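Here chain A shows up in two complexes: once beside chain B, once beside chain C.
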Partner chain A sequence: MGMRHDLYNLIEDGITPEEVLSKNTPVRRSVEIKGEVTKDVVEELSKIKREPDWMMRLRLRSLELFNKLPTPNWLPNWVLDNINLEDYISYARPDVNRSSNWDEIPPEVRQYYEALNIPEIEARALMGLGAQLDSEIIYINIRKQLAEKGVVVLPMEEAVQKYPDLVKQYFMRVFPPEHKFAALHGALWSGGVFVYVPPGVRIEAPIEGFFLISNAGEGQFEHTLVVADKGSYIHYIEGCSAPRLSKYSFHDGMVEIYAHEGAKVKFTTVQNWSRNVINFNNKRAIAERNAEVEWVEASIGSVASFVYPSTILKGEGAKTEITGITIANGKGHVKENGAKVIHDAPNTSSKVVNKSISANGGTAVYKGVVYVRRGARFARSHVTCDSLVLDGDSKAYTIPHDQVFDDTAVVTHEAYTGRISEDKINYLRTRGLTEEEAKSLIVLGFISDVTEGLPFEYAMVLNRVIMLEFSKYGKVA
Partner chain B sequence: MAELRIEDLAVSVDGKLIINGVSFGVRSGEVLALMGPNGSGKTTLFMTIAGHPRYNVVRGKVMLDGEDIVKLPPEERFLRGLMVAFQTPTVVPEVRLSTLITAMINKINGRKLTDPAPPSLVNSLMKGIQEVGLTPAHLSRGINHGFSGGEMKRSEILQLLMVKPKVALIDEPDSGLDVDGVFAVGKALLSLANSGTAIVLTTHSAKILHVVKPTRVLVLNRGRIAAEGGMELVEEIEKVGYENFLKAR
Partner chain C sequence: MLIPSELRIKARELANKIPYQLIKDSPTVKYYTQWNLFDRCIETGGNTLGKLPQSNDYDVVIHNGELIKGVELLGDQVNIGIDPSESRIIARHLVNLREVYPIVIKGDVEDEVKVLLSYGGEQNELNSNHVIINVSDYAVVNLALSIVGNGGCGTNVVEVNVGDGATLNLLTYSTNINPSFSLIRVTEGSGASVNAYTIVVNGEMTHHREDYILQGQGASINSNSLEFGSGNSRVDYMINIMHVGEHTMSNSTTRAIALDSATVVHRGFGRITDRGRWSSTSIEGKVFIGSSNAVGMSVPIIMVDTGDVNGARHSATDASIDEDQELYLRMRGLSREEAIGLVVYDMVTGFLDSISASFKGSVSQIRESLMSLIRGR
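Entry: the complex of A and B
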């Protein structure tokens, strides 16, 4: 309790990541690759990373697909106009030596993470942490007892070098370069964390990957791969932040999860990019027999975000839960936070819960697919979408799509749209809350069944961020 | 020692004059019963004193401990010690009752809104729910979400007991309550009054007044005070009804 109190105050007294980070000057780079994404660029990147041949070929194949595949026609025009790749830095290596000791990270870089309490949270609540700055992991560390149990947590590049056979089995096989941005990611990926959990090993506290973009006009393409061997358990948390940037930056990451028989993987993302980041993330998991995959996607920051965590329920009895929290707060903000489930085996089950809040002209979208293959007998799926719309300028759309090819499947949906009425606000005001406090309490309450499932520290961070979101960035109309 | 004084208050709602020149006062320890037929303006009066933005003050003052609070927003009035228990409370499904109570207490004590409840509050909450006849389960539900009519009333009283305001305006706490409920709520209000809260209470039944024992009775009619006295007014109204009672004035 005492510890929780301290931590709570620590977080409570903080200011927004945008504010903290915007004070700092950009970090020096030792290598930068800029301009049109060509074969030469991709080869250069691969050489810088001293990659084995198979990885270079994977990159080049991805590039070919990128050039061939159509641009998604559902993207808003202004988003397309702002992701002209020629204008972006596609690889930025910060001039920092990677370390597993925060004291060895130069203070001008360390202060970013300290301002966000990352080392503090690591010490108190995590079993491991990888921190990425721009295109490279600059800090990585895991607790000794995990290393002793054979858990592997490495920067993705290092895993490619050290465990090529293991990595090769999964890398872009869970999520092949089948659409334009996944293909681009395959060509340009850099950084990210590789995690392997041996059979039967249960990691009780989370491991976190934290991603920071420090500069405008930059692309970040980190690749996270989590392999949970039979009967193991891991909770991986992903956090993202960026300072306020002078122009757009672009994030096109990928997460692949493989849950072997009876394994359970929980993957939580607290996405709090600044408002100049356009965010794509390609997330997919495969769950073998009786395995469980749980996604939590809290999409708080960025101006436009397109994320659809997906699970392929490949083995009999596999389960998945996909929870989304979306905040679209601001004129022109477009936040798509969806879900995709493929029931590919009998007795598989899925649960999707999506909660969105739109305010001040923002648009929140849920796009979901539930696919049940013929022969996936007795598949069960339940999808709930709750939207809270705070004013007349804001919108929420729910676009579920079912493709059910087995007549024993039970696929159900619920959708609900709420508004914050004057009556509710006035009632809370007569109880001493200001209008803003009343609104944030309603918003926090609206998502509480999701935040209560998170580790205490993250629930607090999330609550804090949401309170700030509605008090600092333009009052809610 | 707290005091609420209403001076020549006139109120319109949607352009219609509902309260037209009402004056009265109430102090710590006193219980003022505000009677009056349906539509006479009791709820309007309370809403106005609480600062609900829908109600327009045409003229008059609302003096709390010597300060005119008539222009203050509702949250400021609450923080100065004024609290209403509503006749028809609002349902706020998103916010748990326990969260609301914790937030109120945090605000009063200058803590952060979402700070965890102090142990002392947890203790008095457990006592409070017993006193008003609710269960811990009610605390973890949304405010009035799916509450029965009587449970909503009990929840309003529970909030009063936790806050112990200087002045409480309590609008028909007994309507919709079963016999045991009327007795329990009556006793709770009595203890609130004894702890120093000045109470103004509306009701349509003498039963709760026999428990609470008001120090004074006011009868409101068409937005004005038609009679002022003691429990004998209540007995007369019970006997002859409002129509005859008011005709005789």
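Entry: the complex of A and C
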């Protein structure tokens, strides 16, 4: 009770998670790699992790591609100027032994997670948890009954050692290094969680991966791989946070999902990086016959974020749903939260719902692609985007691309951008709410699609964080 | 009016340097216009007049850059509103062009003012036309614009300045064979109103772009378009609406038909700038895919730079007849092909019937050629 009560009270008092984390003392590191990303650096990283040859070769191939591929021209210049890799720490191992017992984690490290209620949420609502600090997983634990059913939840490095054949089948094959930052990720990846769910196994409560960046000027490149075998089900939650940092840090993670025939994977991200983090996350899923992949991407924190959860509907009857919530709150904040769906087989269907709120000079962007290849007969896709712009300095852009190569497909798209309706505010004010309360309530209602699907503990804190986001940095409108 | 030499020099410098199009989007998205097809087109510099078009039906005729008819409507020297730095195709257009023709339409004109931009030549010859039309303040004008390609490559630019309080009814009909680039850029003054009807038909690679800049307070544009692609055509129709003035309003509806092995692209872009407070925009598109080898694409974009917005919306559909419709029609003895034919006929005639009666002369000619195109497939 104590922990949750503390955090809840702090948030009630108007203290953001980044401020909560900022009270902690910095964590000591046992290894740090900094400077230009060269072949030597990549080889050293691979040696530190005692990787097999195939993984070192994969890293070196990715580095080669990173050097060859052009710098994306679709990113704002100020973002590119602040991704100066020579200045970043590309690998930071905290001086902590990994454990599956919070009591064995040193108090100065544990306090980061306790400040955010993570151990308590794990005990109440999760079937497993992997917690990463900087470049390494420092805590991992799954419920005994899952292990007995053959579910594998491991730090990515350990999975590479223990299950090389399984990992090799999927690792960077779902999302190959096709653009510069995906290639950089391939060269420098460290940490992240590997999950394998055996055929027919349904994991009723979520498994979570929680990622923290503790220091300024750091790059984090965790790799999450979820393989759901035939007819299985898993809900994976990914959370990210960081204290207020003195300069920019850079997150370039990757999530790969493979849903085999009839499997269902739900992947929820609650991204609440602090305002000095530039967030780049490469997310792609492949759905086989009759499989379902559901992405929920709540993009709340960070100064700039570029995330486009994607699903390739490879098998007949496969489905995907991609729900995005974007909050761009603050001058110069750029938040791109898009979606991509490739209909690659007959009778596939997709639904994309994207909601954004921009305030105090922030820019929210939806960029999306729906592609139906010739022969993907009777594909169905519907995309809806709604944007609220809360003041005169903020912006909202909706940029969808529908590309249809089959005459039996039906692809539809609709979008609306506007301000909070005066009628709704007046209605709530007649019921005794102040104007600010009314606006907060409308904003929360607007994004309830995301919070509804989360465990109660999580949703409650998230709601407060979002309300705080708007109360602390000025009035909602 | 001759092209100013400094503009021509700048255009020459840029024509081989800058790209046809800047892509600042995700790596998944490439070009909708196959610009490489324009590389084979060779500038003629306006030296090949070739076969002249029939000019009886028109008030103004410009062919391969030469004014053939309509001297009496020519106005004074005006500034050219496009700049070669915008894109390679515009730089090439300005390199290839000898003259720009300014036309002034004063007062109310009940009948259609009919302007023909025609080009033709050998398959790889590039011919260019450019006209600037000024509609006086408070005038009410019916302008019928035809862009007709008779072979060879073409670039056609029409700049229209609509004065304060003026009303322009604009009918544009564009039909092409080889690669063609058309740009219609309309700038509207305060309280100006434009009702635009556009029909774009076929072409190996037809890039048809319309820009509406709602500059003055209270300006409005209501645009209805029909794209038609058959055979191996590739038609990229793009409408850009910029809300610069306050309390401006835009509405754009596009219907597109892709038959045979054609690719038809509808791109609509509505932007409410930070100065365009209390404006509204609506972009709607439906691409009908009428064959298993046809391709339909939609890119409806809205960008809102202010919270002081009345509303911005878009919707798009890419589809053929659905199973229920097909079943319904089959039960009445129609094959899928016949059902598709009916839908196409209905879309075309429905669109033509919706065009303002002021254009009945032009619409009748367009109807005839579209129907013979549909029947001849």
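Everything that follows uses one rule, which is that the second predicted complex is superposed on the first by the 445 of 477 C-alpha atoms of A that agree within 3 Å, B and C clash if a C-alpha of one lies under 4 Å from a C-alpha of the other, contacts with A are read in each partner's own complex, and residues count from 1 in each chain.
By definition in this document, a contact is a pair of C-beta atoms (placed from the backbone, for glycine too) under 8 Å apart; a residue touches a chain by one contact, two chains touch by 3 or more.
This structure is a prediction, so every number in the text was calculated from the model and none was measured.
> If we overlay the two complexes on their shared chain A, which of chain B and chain C does A:174 touch? Say first, second, both or neither.
The answer is neither, since A:174 touches no partner chain.
> Return first, second, both or neither, reflecting whether A:404 touches chain B, chain C, both chains, or no partner chain.
second
> Is A:254 touching anything from chain B or chain C once the two structures are fitted on A? First, second, both or neither.
So A:254 meets neither chain B nor chain C here.
> Quick one: is A:367 in contact with chain B, with chain C, with both, or with neither? Answer first, second, both or neither.
The second partner, chain C, only.
> With both complexes overlaid on chain A, does A:152 touch chain B (first), chain C (second), both or neither?
Touch status of A:152: no partner.
> With both complexes overlaid on chain A, does A:322 touch chain B (first), chain C (second), both or neither?
neither
> Residues on chain A in contact with chain B in one complex and with chain C in the other?
In the superposed arrangement, which is not itself an observed complex, chain A uses residues 418 for both chain B and chain C.
> List the residues on chain C that touch chain A in their complex, please.
Chain C reaches chain A through residues 22-29, 274, 277, 287, 289-320, 322-323.
> Please output the residues of chain A touching chain C within their complex, sorted ascending.
Listed in rising order, the residues of chain A that touch chain C are 72-74, 178-179, 308, 338, 340, 358, 367, 369, 371, 374, 378, 387, 389-419, 477.
> So in the complex, which bits of chain A are touching chain B?
Residue positions touching the partner: 5, 8, 12, 388, 418, 423-424, 426-434, 437, 440-446, 448, 463, 467.
> Can you check the complex and tell me which residues of chain B touch chain A?
Going through chain B, the ones touching chain A are 50-54, 73-75, 77-79, 83-84, 86, 89-90, 92-96, 99-100, 103-104, 107-108, 112-116, 142-143, 159.
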